[in-house]
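In what follows, structures are represented as structure tokens.
Common to both upcoming complexes is chain A, partnered first by chain B, then by chain C.
After this line comes the complex of A and B, so read on.
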């Protein structure tokens, strides 16, 4: 038994105006993003539609945008809060439309009709179908209300959802936030006051009866519907200027990302979508070591993206220069925004077209010196198995290349040490400085050197070089970081180590771990050698050592603070040795360490099992860390 | 003098500051106990061969200071386990079970040389022929000559100034004062020993701050032929023949340069010692960010700690050369005297 009471009421206007305004904005934004995508990306996107990839994207949209799986993994209550608001609201919209389709199939379905359905249609809750609908609508409304309740409490005490800090909001965010908070309580009021006419379930009916006992419901029906519509309208109008733009941008971002599209330039195309998809949830605040212990609260990624969005480019640029690019925020981001790439794009933009003095520096200055003081060059094998590239940072930690040479000899590997006499660079500093042409030349030169060697494997000691060699070079040979190389040598029986009665903790370097996904190789090596103690924050949660080359502005005092804090957190189980796999991490930690900090190559080289008599003699690799 | 009425002062650390202060205090009529962690008195001076500016043997200076210790209760190889304060008296427990009571305590714990392993890029402890200024003094003292690790006479030696001093990355922003003039001294001594050896000093600034130093610098250039290059070492690598290939930018010419040397000498700076004593709540010492001790007032009360009855002398409050340390030790003795007179 249902009957349409009205099909229009003046209170729908705030909602309709808000919705139209928002939709116009959203469509225009999507058109702009598509226009700005490079041609190749447009093709990529076209090709990705209606494929298996689309199903994957739809699943991801459901899991992330509605259920918020990643936030659940971080903190169940925070996940529940996001899920109950997003999923509950989504279900109310879906059920609303189904109701309209079921009960008023002939109705011209204007967008406001399902929203204010209870006002327009009198329906019975005494049939099974009606009762189920009323129940479901009330159920999801309750779900949203609980979510809103947690959200309000989170503003008072964010620790309850596992967050030490929450984002400082902008004025539009507050406007949208307050209207969002008020939408659902107002809907509850409006439906409760209307429940004696249009029916209701456990929530609306119950509240309706309760209110009836001390107020005359009929007087409040129209004003509360007005208030509900107004809250919706205000929310929609504030949405494009607030963080809530992420609600509809995130699904779109997922589609683009799964098509293989990435940031090219900030403020355009994919980058613009990322900027709008940031919900400023503040989950990136706690992992950021610039915030704690660095005490640079305003430098966190959430504010960087906010500055990009509101076009405060000077501030955004400074923040990009300050950031150490460790990627902890990227690993934590529930939306999957690659903010490191965004920052790099801002930095590149800043330094585009500055002179190319770097290559001139590469010319050996020793030409002018007499021949007798030229360094003696080691005789290199004609056809090496391996080209070894230590990298410039490893030259500042000579114990690492030395250990690698010990290991090569012990395993009987013919190697060529490509940058033994320095002055060969992987190209990363040039790229960071935005000197792309110079980097391209250098890459071509290095590729030639590497290919000419005839080796089948390139081994590098530096995770930064490793990443550049795998991502920017198109080398026809295998590229490995020495962690993987040593692991393979041990597995193949070419190296064997002694058991060590020591407790060891392994630190994942940013570029090797989050950057290249190498987590297991070093652990496999260490597990077999000593007692491997897990760090509290490891793998993709690993800390930044504070020595990053990513930042140009970070003061040394802050770096030391970050390094000391990271070292303390890493050694909380009191291991005898901290082992890492990056020259920069090693060097940074050594300055604040109270126990040895070693590269994994050093650790293996120090604890090699004595070789058979006919094997090559093993060079001693002494180590001692600053204590 | 009747010992029972005599006031007792404990001096912690028998380096030159501790020795000098003890002698002065005894001269003022106090009973003095001088505590030393090491088996003999002398502190860092024990590790030195000859001293700038006149190349006077360190042993002579040490002998002179030791000769003044008569009547002083010197306890070596002792560590303080605990310090308590009862009324105005300090009660010190020493690791041999002795308990000392003191009316005043003088902290003269001195400095330690910068640990060159921490500048790994310079290869100390990794490359055979990288040495510190302390190693060079040891060679002068014990072997009377300077040889490479393989026992050859060096043909080219590079001295690197400011290792662990004025170095933000090493966490030491301060200047250690004495290393510049030590480098000038050691470079000159080396040239004196091997006139054919090429000697280069790579410096940031040459801080020839005291009397006679500028003359030493002039002599190093004109008489001995030491070459001074303004620039900081960026990288050191070992060549196959165990020499050290270094990269430096000559900042006066504005050009990067490469050079191979037979020996590299790192001029290590001074660092605060941060011993367990620094954490003693009874002493209540205030340790600065640079790990040297803070006096109550660095202008007018440089020997006073923030705790009544606890005094400071020598390089525990910052880098100093020998005459400064001795003057500081004398001043500290007088401050203790004034304090004990006022209390009486």
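After this line comes the complex of A and C, so read on.
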């Protein structure tokens, strides 16, 4: 029922050359990445192969690389655009190979054969099998063409796919983009012109008949196949230098990530894979608060990764130093690139002190004043239940530690206020500034102080401290942020609050929400107390207050603009009070606020219901006067 | 010499013709907000490191501009970059980066690598 016409034609060469070039590049890149992985990561990767984890990875590859589920969740049309191109193309390749396997299995070794199958094989669409294949091929071709239509329109007006801006591309990206856009229309033309010989379905047959009425098809067969092959060849050759390298890098990245491998140093191993897996889709452009409304600054993460990739290290470093590390781009990234970690690894290149002289006073052997660091430990000898670490920033907002002490007393908890008279910093600001060595010294000092206190729980008021306590400290005791601690106290009946006739909006601090995944505890507290109004951007979409310690370079005016913008967006439902859980956010917002900005501890302490007659007197923390 | 139980203090006169302006120029070029400082000392009052050590950002930045560069590199190494000073600065000086820039400038200066700007 089918007949092989040819098994070779000269027009396959552009495609074959492109494919060979691309595959060589890809294999070399994978070998390089593996070489650069630390030994422990290689073992991790080896162990993760052929386990349950592999199935999870395969599912993720299918859902993300082909169907683009995360982009669908963001915007259905944008998701459809990516899905139709990726999945449609994938199905065309798979079906092409099945056809070859079914009809001419002896040609499976020819890489070009499935691609130009219609030219080589005269099949028939009158049998059921043939008709189904023709239909499916046409169906997926139509799918890709629709996707490309949306992609072309997106370049003109990106708002239809829910994006305010789209990425500005490099020269190789344009080359690859134009060749990608032309591949499928050319395939349609080639197959339509050939359809009178090879057969076709609703799309190719229809176009074939249409063209038949005004052009002589047979003359156009070979030139259109040439054009199709050339477009493919150009695309493959441009691919390693363009953003389309992400197509094959992303599945590889998913395998590495699910094996538990993370960035160690930029430009090497996993970090290199991440830079190549970035598709520069531009989804991180809109979340970035550094790109102020109406501006087209190249500040978002996509340009940072692009600078890393093309080795513009000075610009990349400057961008890393400017970034606030709020993590909104990481939350939005459909590829799951941990760009915050990537930026930190760039910053770590500039270590200030190499450990010997830096923060010398922490070392008891030095002539500085180490004993002064531990005044509270000496003052409170009894064994506490809880050790409270307010954090540096909380000392700038004394209402927060005061409220926490009120709550401790009201709940009858024996606590020790570790940094009542000041203490050393937790170390995260140093880490964010890229000074990892110095931060390690602080971590060692604090660990010593905390363990010495003998408490079983460490409560902190500062999300910045909380994140570093949980991520970097290896503490033998439980670490909680005060939002979780207060929620647990209320749930256990040790604290009770009175209802408040107020509308409240909660602001998720970056390090508590995206950084540590605590979203529900504060909302549970507030829901029971007052009318909790949702912010338009909340939870993992939450805004950064602009006070972030992540940025080294950001000037005050920009911070203020970001804070004002974030405050306006947070209060668009006009709540009476903005409640947050971070002293830094509170202090930053207070500069631009037109209504009270309170910490959740303050809010609970202010609206505490006295439970028993003999309960400790509740200290008043009048906040309205302070604003 | 007879010991009268007191000494004469060393002169604190600053000779601006002799003092090195290199570090000051470098710092201003890399962190222009250094020029906004009015020397109010809020940074020093709130400083975490200042509680245990004589670390004093107000004095350090003054010394940078005066060209009194002895021991400045070691001084800046006391900072924990906690950022409190930045939050309280009434002039919006980017103090964390200022400390880092002074440290870098001093490292280069002590190595003799600070290029004339």
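Everything below uses one rule, namely that the second predicted complex is superposed on the first by the 586 of 627 C-alpha atoms of A that agree within 3 Å, B and C clash if a C-alpha of one lies under 4 Å from a C-alpha of the other, contacts with A are read in each partner's own complex, and residues count from 1 in each chain.
Everything below uses one rule, namely that contacts are C-beta pairs under 8 Å (C-beta built on N, C-alpha and C of every residue); 3 or more make two chains touch, one makes a residue touch a chain.
Since this is a predicted model, take the numbers as computed values, not measurements.
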Which of chain B and chain C A:395 touches, first, second, both or neither: both
First, second, both or neither for A:549, with chain B first and chain C second: second
Which partner reaches more residues of chain A (counting touched residues only), chain B or chain C: C
First (chain B), second (chain C), both or neither touched by A:162: neither
Chain B and chain C footprints on chain A, overlapping residues: 361, 369, 373, 395-396, 421-422, 556, 560, 587
Interfacial residue positions of chain B with respect to chain A in the complex: 115, 117-118, 120-121, 123, 125-127, 156, 168-171, 235-241, 243, 245, 247, 255-260
Residues on chain A engaged by chain B in the complex (per definition of touch): 361, 364-366, 369, 373-378, 395-399, 402, 420-422, 556, 560, 587, 590-591, 622, 624-627
Chain C partner contacts - residues on chain A that touch it in the complex: 350, 352-353, 357-361, 368-370, 372-373, 392-393, 395-396, 421-425, 427, 429-430, 433, 435, 438, 442, 547, 549, 552-557, 560, 584, 587-588
Chain C to chain A touching residues, read off their complex: 33, 46, 48-49, 51-53, 74, 76-78, 80-84, 87-89, 92-94, 96-97, 100, 103-104
